[in-house]
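Please go over the structures that come below.
Both complexes below contain subunit A, partnered by subunit B and then by subunit C.
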Partner chain A sequence: MSDTSEDRISIRTRLPAFLRRADPAVLTAFGCILLLLLLSSLYSSNFLSLNYLLQQLKVASFLGVVAAGVMVVILLGHIDLSVPWVMTTGAMMACAAAGFGSVGPVIAIPFGIICGTAFGLLNGFGVAYLRIPSMIVTLASNVVAQGLMVVYTGGFSPQDSAPPPVRWLATGFLIPGLPNAILVWVAISAMMIFLFTRTAFGRAVYGIGNSERAAYLSGVDTRRVVMIAFAISGALSAFGGVLLAGYSSKAAQAMGDAYLLPAIAAVVLGGTSILGGRGSYLGTVAGVILITLLQSILSVMQMPEAGRQIVYGVVIIVMLLLYGRTPPNR
Partner chain B sequence: MSEWRYWLNEQRGTLMGLAIFLLMFAVYIANHPAGLTANVAQTAANKGVLFAFVAMAQTLVVITAGIDLSVGMIFILTNCLASWIVVGEPLPTALGVVAVLAAGMVCGAINGLLVIYGRLQPIVATIATGAVYFGLALLLRPFPGGSVNEDLADALTGRLFGVIPSSLVVLAAAVLLVWLPFRRSRLGRAAYAAGSSEQAAFMSGVPIRRGKFAAYTLAGLLAAMGGLFLTFFTYTGEAAYASGSGYTLWSIAAVVLGGVSLYGGRGSAIGAIFGAFAARTTGDMLFVFDVDPLWQPLLQGVVLMIAVSIGSLALLRVRNRLDWFQ
Partner chain C sequence: MTTAEIQATSPLFRMEGVSKRYGGVRALENAKLDVEAGQIHAILGENGAGKSTLIKIMAGVVAADEGRMLLDGQDITFRSPAAASAAGIACVFQELSLIPDLSVADNIAIANPPRRFGLIDRRAQRAIAEEALARAGAEDIHPRAAVKDLPLSRRQMVEIAKALASKPRILILDEATSALTAGDVAKVFAVLKRLRSEGLALLYISHRMHEIAELADTCTVFRNGRNVASFRAGTRSNSEVVEMMIGREYSNVFPPKPPRAVIAKPPRLECRNLGWGDRLRDISLSVAEGEVVGLGGLDGQGQRDLLLALFGVLRGATGSVLIDGVPMTIASPAVARASRSAMALIPEDRKTEGLMLPMTVRENLSFAALDHVSRGGIIDRTAEEQLIDEMVRLLAIKTAGLDIPVGALSGGNQQKVVIAKWLMRKPRIVLLNDPTRGIDVGTKQEMYQLLRRLADAGAAILFYSTDYDELIGCCDRVLVLYDGRIVRELEGRDITEHALIASALNVDDGDRRGTAA
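For the complex of A and B:
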């Protein structure tokens, strides 16, 4: 993605200013979304209806919230594999908290998020202070979260259903016609953009992704930043789980399993380097929409699960080959 | 300094893995109602060997400073394939075995091509290929079923001379025929060199691309051996997503327990085998201690957490704070 070759620069200077400043990966991702919509509209014009698009954005918002957290960690050059069961923990704990008398429904959402943050802090402590590779520590905390939830539920899906506030947040309408889940995603996105571009914390995240040593020598408390970043990821994963529980009106075992790989894929398809230090939040939004659309179109076309997995994998590989390649070894 | 000290230093991770495994296995056997009988050893070996093959496959890739998140899916895909073609007379069975192993190698080679020549990051590239391999497995076996040549299956999961578990013999053969020749070859050295410093290896004219490619391909082969064994063990093929991703995750844990550095260039597949056995014994141990099965995942997680935290004791020896950051 680094445009060092002369001819590419000359092409870019001829583009209008707003395109010149944009990341080519983000543009490609948005281009692919348009292409996908155009191709699918040949199959059925329903794909371009406002209803369908809003429905897709609503489904995308659950993945979007999770991917925002995963992106913070990937920008550091780390990875968070604990997403599936931290999501489930958030959902189950929110539903469980609803049972605490009259205050229950009020504290349900914060309690779910706090539980996710706790797992995030555990991950962050292991990565930042104990210097365990993030892949391993998040893997282990995923198993611990799974173990806790299995003990809590007795191995079955819990009986208590999502409290009304949680359901309202995921499926209600504050503005008529616009699902609340989309508003939540927009709010989270605004916060993330502010965090990445306007705060010292955001700059430190990019700095650590490029070189943790350099960031440390520049006076950044890198270990604290890494720990907070993992806490944010845990909190957003749990929040995504809470929203999902509201959408399906209850928490279920393994409800988060289908979210880890799409979240990582969305972040990477949006042009964020998996090695850290480079990437823009808008790209992640594009990646989330792209993956949700792809999954939805494949299922509307009634492709069997096997075919969906294959097409899904192949599309990700092709898109990465188009713009996700690392520079050659010279 | 004498020779053996260098050797000991190099093998420290492997020996740690061996020590962890021996300790856990000793506790397990001491508390097992039947003690160490041939039957107990056979069951433990059969279950451990599945983990061991997948962990060996993961090691080969991790040594090159990569990671293979599709290894469990290759394992599942070859299991489904074997449940179709490893059947019938001896000759078709043999051809079937060869075809299954070849399919695994092709899967590994595709990963290698994408990572080395496509210059994609291993994490995301193998996530995507893993989805494809799982889709193919589902295409082969939408529902669990199929069969396998039961004579061969019983021979390979049974006992040799009534004592030695034959699955262990096959595992040893895989180490002797795949791992050791690779470790000692020029390509194997190239894979290690690429893992420890790709730039330096490139400058020294080491064939890093071919070395890494060989590592990914052989990883596919070893995962396919695991898939074959799963078929011999269960007599069926099943495209279970949870099983595939579970094996991938535990293969990473086994690799770390066996002293292989996730940053590449250090460790050995033999250590990973002990790591895999140790990981497997955790599950069995909870069984002999009569722990409520509900608590099993939690205790496994806690054991895993403690095991990976032990490595951070090395931080106490760090003199320069900059060495915290790799």
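For the complex of A and C:
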């Protein structure tokens, strides 16, 4: 955890100290990114162009926002399977809010996020107070969200298009040359690092992930922490959905389906233990970039869809096997 | 017993010079034991005297390091529990070994179910179960009933029937009655006596002296892994038996106890009529500031539950708790640690309850006191650092650094971290659950000093220990628990090993006269 507190800019100046204290999984993930870029540049030098890399970071930022929320829940030793339809809910509700007259476009983004937070709170309540395994609760609320969205849209793609603020957030340029989506991801990442390393809540999340009993006996209100964690995951999933709707300028049925596995894989590839309690946020960032690059490079190489899926799955299994061999040392 | 004459020449089972070590700890040393058919042989001893190891060796669960065992005068070694079972040795363990979701018949025949065409022959299995249940005197239990639907006492009967189904010649009962009520115990006793008259050899382990007096033909006392004496039942008084069980040599340096001052203030911690299911019954106690009060008694008589109940962990505990004379509802550890009560609990198992082993020493130390060093949920690192440094110095915690996993520390230093993490909150009430278990003598001494310093600084301390010497050396008063009740309160010079053990066993002979000052 200590390595995440390092400012990313100071990595170069403090390389020896950083290397000594860094999580080997994080270093492996960043190493794999470099290796992947190096190998792909043999195929085409375009892979190293600034334009391509920025484009990839932009695509990665949607996954990055979702994975940040999923990571909080995984650190607790739980899982959030409601990502796909909470994302879709966030996207559809943000677009729907655009129809609320003149205030519509203003409240679109917060409204989408609030809907996702509500699903997160529902998940958290089920896990923390009703003591239902998170896998079941979140799977169920995923289906509930799906049902509600089908009722809302009648099963068709909704007609509302994403309001201008949503589109601006995903595709605009506040700083010329740097897509806003990347800025959003950087801002959320900064908040997550602060949350994990500097707040009592962050410590409690790691504590519960390691031993819920010890955390409870230490006087931590474990149920509240679990509730909040799931709420964060729901909010960020919905926010990811909002960004995605802005990117494709409208919400669509099942638009979040392609994000569940990559989000969990990104967190775990970044060295976070799927059993909870261990992992650093920079690892998740690395995992997100790695997975996005892998998907992109395979498709640029014009590998057929089936082959891409196979390579993608095999890479995840191999990486997890590699991590499984490293001694538990954080 | 007239039956003793049948096997006068050589015993059914004999154990000679058996020793067993676990790492550097000697669990059993040069033990010998003769078990005769048609007799009930009681094994007595304190916690950790070697009784469990003895049984495990007999039942083939662990192998002895040296020594030999003879069955019918023939040398025998058991490579597995199945081998011991085949030779006719069956065990009824204190933890029930039944599978709740299976039927009674399934459980009874689980080790060796009758087979037909490779499948379990349910009819034959039922017949076996019915016969075994009848032999155990529990014909009323239906073989097809699910074990989880039976009350505890019936399950214990199934457990005995299961042991009998293997047609043993020697039946070992390890604390088999500890879960039973007095009425059930009487039924079990009738069964055991009948089995004895059928020629079985029974090995009976219990802490309850009156049970042993009623049942046993022969007694063997163990202490520190050696058998101290074997004698015919009824030839020694309870008091003499207790003498045999104690007498360990220990020389710990305990800090001197200050004279007890009479304080007019209400006690810092008081509880009235505390109850929790049948684990805690009508417990009333008080601890004044500056006082160290011990909890004694045999393992598992409710001491741990009492500490957890006071700390707000147990749901459904009844009774009232008063802090400084003010009634308080303590519903969770979060409430217990808050400033109004300022309680701290050093839990039983530091590896799962006290610490997060993979997390760093720093994170563990400040974990319970984060609200003291943070503002609006944001940790003030300077304040955290100061408090941690202070605690590391105060308790002399030896660590290679604050950023290594706490699991890398020695047991004694881990325990220091658990205590330090609570001392950071400056608690006014400290509950300790066997804090010196498994740590070295040097650290133990430091802890005794620390306890007394805390008390002198005004804390109220409630201290459960399985080590009688600690209770004698550290405590101003000791409350002895038995079966979830406080059966005796010892104070000052009355806290002696003899008094502690006698009241722990709940024997009521001449001890009290001897200790009245």
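Note that in this section the second predicted complex is superposed on the first by the 308 of 330 C-alpha atoms of A that agree within 3 Å, B and C clash if a C-alpha of one lies under 4 Å from a C-alpha of the other, contacts with A are read in each partner's own complex, and residues count from 1 in each chain.
Quick note on the criterion: a residue touches a chain if its C-beta (ideal position, glycine included) is under 8 Å from a C-beta of that chain, and two chains touch if they have at least 3 such contacts.
Source: prediction; values computed, not measured.
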item: Three-chain arrangement built on subunit A, subunit B and subunit C clash or fit; value: clash
item: When both partners are placed on the shared chain, which of subunit B and subunit C touches more of subunit A; value: B
item: Contacts of A:279 with subunit B and subunit C, given as first, second, both or neither; value: neither
item: Touched partner set for A:270, first subunit B, second subunit C, both or neither; value: neither
item: First (subunit B), second (subunit C), both or neither touched by A:79; value: first
item: Which superposed partner A:90 touches (first subunit B, second subunit C, both, neither); value: neither
item: First (subunit B), second (subunit C), both or neither touched by A:308; value: first
item: Touched partner set for A:213, first subunit B, second subunit C, both or neither; value: both
item: Which superposed partner A:116 touches (first subunit B, second subunit C, both, neither); value: neither
item: Subunit B/subunit C common contact set on subunit A; value: 213, 216-217, 328-329
item: Footprint of subunit A on subunit B - complex, ascending; value: 67, 114, 118-121, 123-125, 127-132, 134-136, 138-139, 142, 198-199, 202, 208, 241-242, 245, 249, 252-253, 256, 262-263, 294-302, 304-305, 308-309, 311-312, 315, 321-322, 324-325
item: Subunit C contact footprint on subunit A (complex, rising order); value: 1-2, 21, 198-201, 203-204, 206-207, 210-211, 213-221, 277-278, 328-330
item: Parts of subunit C lying in touch with subunit A, wherever the complex brings them together; value: 311, 313, 332-334, 336-338, 345, 347, 352-360, 363, 366-368, 370-371, 374, 377-379, 381, 403, 405, 421
item: Of all residues in subunit A, those that touch subunit B in their complex; value: 79, 81, 126, 130-133, 135-137, 139-148, 150-151, 154-155, 212-213, 216-217, 222, 254, 257, 261, 264-265, 268, 274-275, 304-314, 316-317, 320-321, 324-329
